[in-house]
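Scrolling down, you'll hit the structures one after another.
Two complexes follow with chain A in common, the first pairing it with chain B and the second with chain C.
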Partner chain A sequence: MSAPSLGSARRPWWLLAPTLLVLGVLLLWPIVRVVVLSLQDFGLRELVRGGAEFIALDNYVAVLTNERLWRIALPNTVVFAAACVVLTVVVGTLIALVLHQLSGVWRTLVTMAIMAAWAVPAVTGTYVWVYLFDAREGFLTGLLAQAGLIDLATQNLFSDRGWFYAIATLNVVHHGFPFVAVTVLAGLTTIPQELHEAAMIDGATAWQRFRQITLPLLKPVFAIVTILSTIWDFKVFTQIYLMPGGDGANRSVLNLGTWSYVTAMSQNNYGMGAAIAVLLTLLLLAVTVIYLRTLFREEEL
Partner chain B sequence: MSRTTRSTRLLALVAGASLVLTACGGDATEDGGDGAEGTAGGQGGGDALTVWIMEGTNPDATPFFEEVSTAFEEQTGATLDVQFVPWASAHDQFTNAIAGGTGPDVAEVGTTWTPEFGDAGALMDLSDQIGEAGLAEQYLPSLMEAGTLDESVYGAPWYAGVRSLVYNTEMLEAAGVEAPTTWDELVEVGTALKEADPDVIPFPVPASVHTTTPFIWGAGGEVAVQEGDTWTSGLDSAESREGLDYLVSLVDEHGLSTPAASTWNEADTRDAFAQEDAAMIISGSWTPKSIIEANADLEGKLGVVPIPGQDGGMAPSFAGGSHLSVFETTDQPDLAWQFVEMMTSGEFAQKWGEQTGFFPGTNDLLSELEEADDPLVAPFATQMKDASKTLPVTPMWGQVEGAQVLPAMMGTLLSGDATVEEATQTAADEMNEIFGS
Partner chain C sequence: MRKSPLQIAGLTLASLAIVVFSLFPVWVMVTRAFDPGAGSGRRSVIPSGFSLEHFVTVLERSSFPTYLMNSLVVALVTVVASGLLALFAAVAVARFRFSGRTKILMMILIIQMIPIEALVIPLFLQAKTLGLLNSLLGLSVIYIAFSLSFAIWTLRGFVAGIPVELEEAAYLDGASWWQMFWRVLFPLVAPGLVAVSVFSFILAWNEFIFALTFMSDGDKYTAAVGLRTFFTRGGTDWGSVMAASTLITMPVLLFFVAVQSRLSSGLMSGATKG
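Right after this comes the complex of A and B.
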């Protein structure tokens, strides 16, 4: 009979259907809406009364010719993300290596400390860092002032673009490294001990062993944590928006995420806000594709 | 086997669904029973009205609204669901609610936002209802004007407030000075306070709209001016710049503020004052109560004077306030108006004013307050009557506020990233772009 073969041809689709439905409703449809929005002149009036006009690529032209994109939002986003990804992966890997050496109670204790950093919600974590760097009573600002790095009588760290992003980087790395540490640790436990022992007999240093054994074997793990960190760190919003001045009051610390939100939600310019969001998505996709391609091309060779 | 599990599941589903259904049913009968006694107005027995009220205006808001709910239920048979919204996120929350069609029936709307939301079609025109109730002459003219756009009234005046100079009498006495009456005196008093106690912040200058405008207006400048139908920013005028120069000199030349204040908003400034870290602040008529609530030690140590003018007199401050507006999406417009009327006139309006330190939105009630000789009320009343101004009444103003044009300008000024000339130029350009002029 032909029925079973027909059924088996369709079966994958039946199995995929629930996932596709959920993805379609939760992801694809909003993306389509955002793209459509980005082509419209859409303000509060259109939101309530409908009838938005299509204005082709005017929103994109407005964004791309805006000095704020090139001098503020884009550099803030890219430099910040790059710093965060590198630091998150490096710190996470170092912690994983330490954890791998530890055993018993110490390992449990350190793991718990790491998990605590991970478990703290971004909002809470951000407020804690803001509190620690408060311009008058912050514990860490106090230390920095004692070390002579800043002058409390004239400086408010949050007003300064560099310091603002240094604090944000600390916050994001602190929140992001546990994931890297735990994932890399899982990878480390799969490396046969014999390889390291053999290398040690050959007189390899710790760095050489890491470079020649650990790194090549864990390449897929590093690929995953780097890509995921890149995606997360490019679209950081909460941690920036909640810092003093991060909600748009300080123009020099806007990143693509907060700029998009402020444009759309606070100024009711939904079309342009959507255009910024689409550009951020494209940028992110481009970075991910380039990264994946370099990775897999190397593999093929 | 699989058959049993399936039927068990089905049974569970039915049981669950019926639980939900009976729960709703129970509510309906209960409300119906209550409504039967009190539906004098005839409307909506068993209905519920969702109301958004700004958080923090009244320190004891919960008991107040419990009382209002009881009275409203007696009058109409409908229940009230009052939800509190923080000012800082209210504008976003409104636009999100409008976008999602999840708005309340009635909302407290800041007077500077009413034209924007009204123009967008989110709020109901209340002019007929106000006319029928005979309240058009009763509401304060300035508040009526703030909610009126093209002869449609999008908000009923509820309460108003104005800012003046609030100071710590103990600190001023310790420094041997009196409250300032001119801008030069403000510097002298501030310097004396600093000398008396270097840990005290004499006059914190935050990056906030309403602590900035008195100095722009005080020097004769304007935030924006209207010519015909177009608005143009006045921030880059010589007068505005003179006022801002003075304000910035308090910070960098005389050291009367603190660097931390450059990222403060009004609430942060008030906290510093309540913690006795600051000596003088620009603060609203509704704040002395909450300051004392936050720190009981300050009881009897608060002083208020109108904001000093450049060479005497008073510098105008922003007369802000709130409207009660009915959302266009409500399915109970009559019930909503009944609530608005109840809140904005008579007993509850008066009680709200007494509890919050805001001025009620009707003429009668305000006159009563003017005559009372409370030292924490009278200076504010004088400021309200003789030296208060409104911000531009245009649908575009909400966008200017949303874009934080003034806080951003103050931020760059206070951090020393821009001169007054540069910062005002940037701010004026941004504002004009929004105005489309």
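Right after this comes the complex of A and C.
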């Protein structure tokens, strides 16, 4: 290759050094540290004085035998993530299919609108949805009450686990569908128009063409958007934490992310918080590996 | 293919529905920010009037300008530092062949998949030990680490696209390696640096969990965390929340519209979600 000057054998390492230092200290070491912490009894005393006692798997035992995990945090995480992933991918795909049919001004307009939805930061987006479902002033709470679905005099939507997560799902799907739409649209443009035309001549309906042509050809694209959405939706933190009661005040709406955070930061039980964080990461890894395996297995057939 | 009038009507209706659904939160946020009736208990998405009073409250009678300034400082430090570090690293992996090169590239890719939320606890303890809590620089360093991986992979492509002949011509003219780097490579990867900068700016500007954990002093809050100060025990000042939210959202919205054509032309990397 290039690089004729002397000393160039060491140059790539000099160029990489700052990056490797930053990644090592701020990403690799904390990974080691979070695992070590999860094996320690690390509380406020250890934080102030230093030194911590190793307690083997006690933190994991405490988490895995905790009712809060099985009754609250795990279902809140898994059911919520599953609902979000399915809805995000379906809504995103439908919108991509519409976008693919559009041209000119309409296409630009719809693309801009989707981009705007994408651009809204999680923090401000969450506050807007909280406002829309506010008990006193919320527009959507008003609609729900008019439809007779809720009783405003007695019900606060956010204190109810089901409503809380329904609102969170709406928030996360709204934040996540633009990525799916844009990615699937990019995939759709790669499918030769002739395939659809030939299928139409053979009398295939729109649904049949989607099932027989689009779906098989875009399988890698759907795999990517599903895996990424799953990873994102399993570890949702901000959108839950910022909703009323989501910061730990309402125990019934904790998910794995907020439970880990509240355990460590509010209760100063850093060891157990770390153990929950490790379990969440392992869950994420397992889901990703299962996805990838099913994908590759089907590929072999 | 020609479309029937029925199909055109259906498509138009669907497009309108998508536009309304997509823009609904932005519409609510912005109209409420300018609506003097926000916070008065009026359930409507149609504004009752126009006034700048909420912006005046936010910008003159609250600490929000400080929070905005903190966010700006953190974002700019992140953009400059991660851009430079990533460019150095990208040049190293794109222009040199050395043992361990592939391993380093793979490591950088895998690192991107770690859920950063899982690292809050150890990084908080580390920062506490090092005295980096409540430090804008300490927070920036975290964001630099989070944005590096994407930045390196993106810039690597841009660097690899520059013909080696241009470098060799610089050497023939007597340039040293660093002169060649600043005068030849740097200007040519500028478009890549812009893309990477937008990404890391948005990451730093929007980030919540680390900003919340690291900044306990009121005057060190970033804008995303400072929004919480409008929620008090006495009730929520929704007009101020919406005005401040509008101020936070606008730069990101402008960036997204600016890179819109790039994104919709099929940048398949999933790294742009907050």
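FYI, the second predicted complex is superposed on the first by the 275 of 301 C-alpha atoms of A that agree within 3 Å, B and C clash if a C-alpha of one lies under 4 Å from a C-alpha of the other, contacts with A are read in each partner's own complex, and residues count from 1 in each chain.
Following the convention adopted for this analysis, a residue touches a chain if its C-beta (ideal position, glycine included) is under 8 Å from a C-beta of that chain, and two chains touch if they have at least 3 such contacts.
Note that the structure is a prediction, hence the values are computed from the model and not measured.
Trainee: Superpose on chain A as described above, then tell me if chain B and chain C fit or clash.
Mentor: Chain B and chain C clash in the superposed model.
Trainee: Quick one: is A:251 in contact with chain B, with chain C, with both, or with neither? Answer first, second, both or neither.
Mentor: The answer is first: A:251 touches chain B but not chain C.
Trainee: Please indicate which partner A:47 is in contact with in the superposed arrangement: first for chain B, second for chain C, both, or neither.
Mentor: In the superposition, A:47 touches chain B and chain C alike.
Trainee: Classify the contacts of A:8 with the two partner chains as first (chain B alone), second (chain C alone), both, or neither.
Mentor: So A:8 only meets chain C here.
Trainee: Applying the touch criterion given at the start, work out whether A:70 contacts chain B, chain C, both or neither, answering first, second, both or neither.
Mentor: Once the two structures are laid over each other on A, A:70 reaches no partner at all.
Trainee: Comparing chain C with chain B, which touches more residues belonging to chain A?
Mentor: In the superposed model, C touches more residues of chain A.
Trainee: Regarding the shared-chain residue A:136, is it in contact with chain B (first), chain C (second), both, or neither?
Mentor: Once the two structures are laid over each other on A, A:136 reaches both partners.
Trainee: Report for A:235: first if it touches chain B alone, second if chain C alone, otherwise both or neither.
Mentor: A:235: touches chain C, not chain B.
Trainee: Once the structures are superposed on A, label A:268 by its partner contacts, choosing first (chain B), second (chain C), both or neither.
Mentor: First partner only, chain B.
Trainee: In the overlaid three-chain picture, which partner chain does A:117 touch, first (chain B) or second (chain C), both, or neither?
Mentor: The second partner, chain C, only.
Trainee: Have a look at where A:127 lands relative to chain B and chain C in the superposition and call it first, second, both or neither.
Mentor: Only chain C; A:127 stays clear of chain B.
Trainee: Among the options 62-70, 188-196, 260-268 or 314-322, identify the stretch of chain B whose C-alpha atoms clash with chain C after superposing on A.
Mentor: The listed stretch with clashing C-alpha atoms is 260-268.
Trainee: Share the list of chain A residues that count as touching for chain B in one structure and for chain C in the other.
Mentor: Overlap of chain B and chain C footprints on chain A: residues 47, 134, 136, 265.
Trainee: Okay, in this complex, where on chain B does chain A touch?
Mentor: Going by the criterion above, the answer is residues 91-92, 95-96, 98-99, 116-117, 119-122, 207, 258-260, 262-263, 277, 328, 398-399, 402-404, 407-408, 411-412, 414-415, 417, 434.
Trainee: Help me check something: in the complex, which residues belonging to chain A touch chain B?
Mentor: Residues of chain A touching chain B: 43-45, 47-49, 134-136, 152-156, 158-160, 244-245, 247-252, 262, 265-269.
Trainee: Over in the complex, which chain A residues touch chain C? Could you list them?
Mentor: So the residues of chain A in touch with chain C come to 1-5, 8-9, 11-13, 15-16, 18-20, 22-23, 26-31, 33-34, 37, 47, 95, 98, 101-102, 106, 109-125, 127-129, 131-132, 134, 136-139, 141-142, 174-176, 178-179, 182-183, 185-186, 189, 193, 197, 221, 224-225, 228, 231-232, 235, 237-238, 241-242, 257, 260-261, 264-265, 270, 273-274, 277-278, 280-281, 284, 288.
Trainee: In the complex, go through chain C and note every residue touching chain A.
Mentor: 1, 3, 11-12, 14-15, 18-19, 21-23, 25-26, 28-29, 32, 39-45, 85-86, 88-89, 91-93, 95-98, 101, 104, 107-108, 111, 113-115, 117-126, 128, 141-142, 144-145, 148-149, 152, 164, 167-168, 171, 176-177, 205-206, 208-209, 213, 224, 227-228, 236, 238, 241-242, 245, 248-249, 252-253, 255-257, 260, 263-266, 268, 270, 272-274
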